[in-house]
Amino acid sequence: MAALMVASGCAKEETEQKQSLQGTNLMRSQTSGTAKGTKLDQGPAERAADYLRRREDIRDVVVVNSGDRLLVAYQIPHMQRWNRKKIEKDVEGRLRDMFPGYKVISSSDLKIFWKTQQLKTKMDNKRLDQREVNREIGRIEKLSKEQT
Amino acid sequence: MLTMFFWAFVVGGLICVIGQILMDVFKLTPAHTLTILVVTGAILDGLGLYEPLIDFAGAGATIPITSFGNSLVHGAMQEAEKHGIVGVLTGMFEVTSVGISAAIVFGFIGALLFRPKG
Amino acid sequence: MANEKRKNLTPVQQEYHLFEKERETKRPIVRNCARAFLVGGIICTIGQAISYFYMYFFDFTEQTAGNPTVATMVFLSMILTGLGVYDRIAQFAGAGSAVPVTGFGNAVISAAIEHRTEGFVLGVGSNMFKLAGSVILFGTFAAFVIALIKTIAIQWGGL
Amino acid sequence: MLKGHRTWVFANKPVIVATAVVGGPFEANGRLADDFDFLHEDLWLGEDSYEKAHRVLFEEAAFQAMEKAGLEKEKVQFLIAGDLINQMTPTSFAARTLGAPYLGVFGACSTSMEGLALSAFITNYGGADYILTGASSHNTAVEKQFRYPTEYGGQKPPTAQWTVTGAGVAIVSPKGDGPRVTAATIGRVVDMGMTDPFNMGGAMAPAAVDTIEAHLRDMQIDASHYDLIVTGDLGRIGRQVSLDLLRQHGIDIDEERYQDCGLLIYRDGQPVLSGASGAACSAVVIYGHLLKRMRRGELKRILAVATGALLSPLSFQQNETIPCIAHAVAIEYGGEA
């Protein structure tokens, strides 16, 4: 019984990993991780995304910037989640150094990731102006600060 | 996301196996077993080991009773950072209150709605 | 502990203990552990699904989704306990259903239901925590001691 | 008349003129369902607490036994009975209903034979014309008191036993027709230092062995004197342990003729783990099933050994060991009366 479970467990993991890989591919093919279609300049966002994508301990990245705000959401590969706090700290520090003039908001939280992704899609399609984007970023920032 | 489900299953299951071993091998009552697990959770958080486990296994670490001890320590530490040593006492139930209040509320509703079936 | 107890026994009693042990039905530890793993794992997976549900449809983050998840699990535990199903699951699952927070809920709720015949104040009110009380007591006290030590260490040790 | 150290021999051989047994839903699915007078579908018996249901079980059995014996309520001169609940309230409240002079006896699960032995003694010496004796237990009421709330998910180990919901009652008289009580051996408390409340059979087995040995010695007879020696509620483990213990002590018992009420009452496959237990277990099986078999002539002489564990939840929590007791009653039917 135990052996059977272990076996099925392994099988499950394999398919899962495949699926999650497919997921990432899809996400990347869909968009470049930044909102290029918007009228706002997404240069800093693209640079941040480029940097994060090169890191091995980061899987998916979505970045949005507006005014002096840089909202960075990313996902950590599952096996690296043990070091999540350390990675978060590290990423935050690096981004601060890279963008001294910006107020950096970064999070590895899945909900923040989804929210940022949504915002980015909206910016692509609806051409939001800076005020609207700022308001949305503020909302996401507040959510990310919430403690249990 | 699916990986998360897998690890929640494995880690949660393993914590339950530890409980089963305490009950079967050491012949402890369920009350003793759960008490030991709660205290263990508190100690692990004191050592800074429980948060990474939650990051890794999600509900596999938050659903077992060990997380109860973890969040008690967590609440106490959060307040202690703000208010110093007094915060240890005042912050204790800050994070955990939901488990207890849910159990109290639903316990009472249960008593209103149900009779023991035997 | 068992050894300590055994010391107080007379030789006749000790001999009988061994005699009885030989004929006692052994607890199927491996089977119980496998079942505890399976059921405990499933309950945690359900918990994971519920927390994703709260994250997806409401404004909860990974951090904050824990609270509504626990409340929901305790609610489910109430329904299963009230319908007389939870104790059946537990006979199969052992620690698999006792260790998750649903087991904590079950301990509170089963005691509350059991003592409703003694009235809501004297029965339900005073018996609700007769099983779960020890978990709260020792959890809280251990947390107090640990947080105290840690705080002192941080303040004076500069850790 | 006292014979040996602790055995009474009843020269007048008091008669069990009538018996009645009542059971719950779990017993209705059991092996002995046909031997019950009443079986209840609902554990609550229409009452609003399990303790009240417990009381009703005993009342029903008592009234049914009186009806079978053709007795008015007033004809029953004494009531000797007991149960497992704190201060024996269910039996005492039933005694309030019945109105008979009442002696409450507590021998845990050995209450049935304790009551029968006392009743036989009193009637044998002209103390009464009719005595009603019996024992009852209610699964959930007993679980609630001794273990956990019934809906609590605590896994029971394979050594645990299932408390019988039911009541068994007998009316004993110096005259009449029916199985006769010929002798009784009173048990002493035996404590082998067992502490596991989920292994009653293992704790009680030495008490049963002690009483059986004493009975055979006092009566100067062999185990083969009886067609059947039946223990109260030792369960699977207790039966095996006591059987081996008896053999170790040089008492040769035919395995077929050594049964346990806790194993007779339920079917294989019912989730009772090691077997049945509870004050009603021996009462129901002996007064219902076994006496019927005696009346059918399948059994001539039996020795009924009801076993009891004299613990309380308090004593267990205070790390006390489990003291145990067993009382034996010899019953005969047919042949020379």
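A, B, C and D are the chain letters, set down in written order, and residue numbers restart from 1 in every chain.
The definition used in the following text is that a contact is a pair of C-beta atoms (placed from the backbone, for glycine too) under 8 Å apart; a residue touches a chain by one contact, two chains touch by 3 or more.
Per UniProt, the chains are C = Stage V sporulation protein AC.
These numbers were taken from a predicted model, which means no experiment stands behind them.
Closest chain to the protein centre (all Cα atoms averaged), using per-chain Cα means: C. The pair with more inter-chain C-beta contacts, choosing from A-C and B-D, is A-C. Distance from the subunit C centre to the subunit D centre is 36 Å, each centre being the mean of its Cα atoms.
If you average the Cα atoms of subunit B and of subunit D, the two centres end up 45 Å apart. We define each chain's centre as the mean of its Cα atoms; on that basis subunit A and subunit B are separated by 30 Å. Among all residues of subunit D, those that touch two or more other chains are 50, 149-151, 154-155, 157. Shared contact sites, meaning residues of subunit C that touch two or more other chains, fall at 27, 32-33, 37-38, 62, 66-67, 81-82, 84, 93-95, 98, 103, 107, 109-111, 113-115, 131.
Counting only residues that touch two or more partner chains, subunit A has 110, 147-148. If the chains shown are joined wherever they touch, the resulting network has some other arrangement, not a path, ring, star or complete graph.
Applying the touch definition to every pair of chains gives A-B, A-C, B-C, B-D, C-D. The touching residues of subunit C, counted against subunit A in their complex, run 30-31, 33-34, 37-38, 55-56, 59-67.
The touching residues of subunit B, when paired with subunit A in their complex, are 1-7, 9-10, 51-52, 55-56, 71, 74, 78, 95.
The touching residues of subunit B, when paired with subunit D in their complex, are 23-24, 27, 29-30, 115-118.
Residues of subunit C that touch subunit B in their complex: 2, 27, 29, 32-33, 36-45, 47-52, 62, 66-71, 73-75, 77-78, 81-84, 93-96, 98-105, 107-116, 120, 124, 128, 131-132, 134-136, 138-140, 142-144, 146-152, 155. Subunit B meets subunit C in the complex at residues 1, 4-5, 8-25, 27, 30-31, 33-35, 37-39, 41-43, 45-46, 57-60, 62-69, 72-73, 75-77, 80, 84-85, 87-89, 91-93, 96, 98-100, 102-104, 106-111, 113-118.
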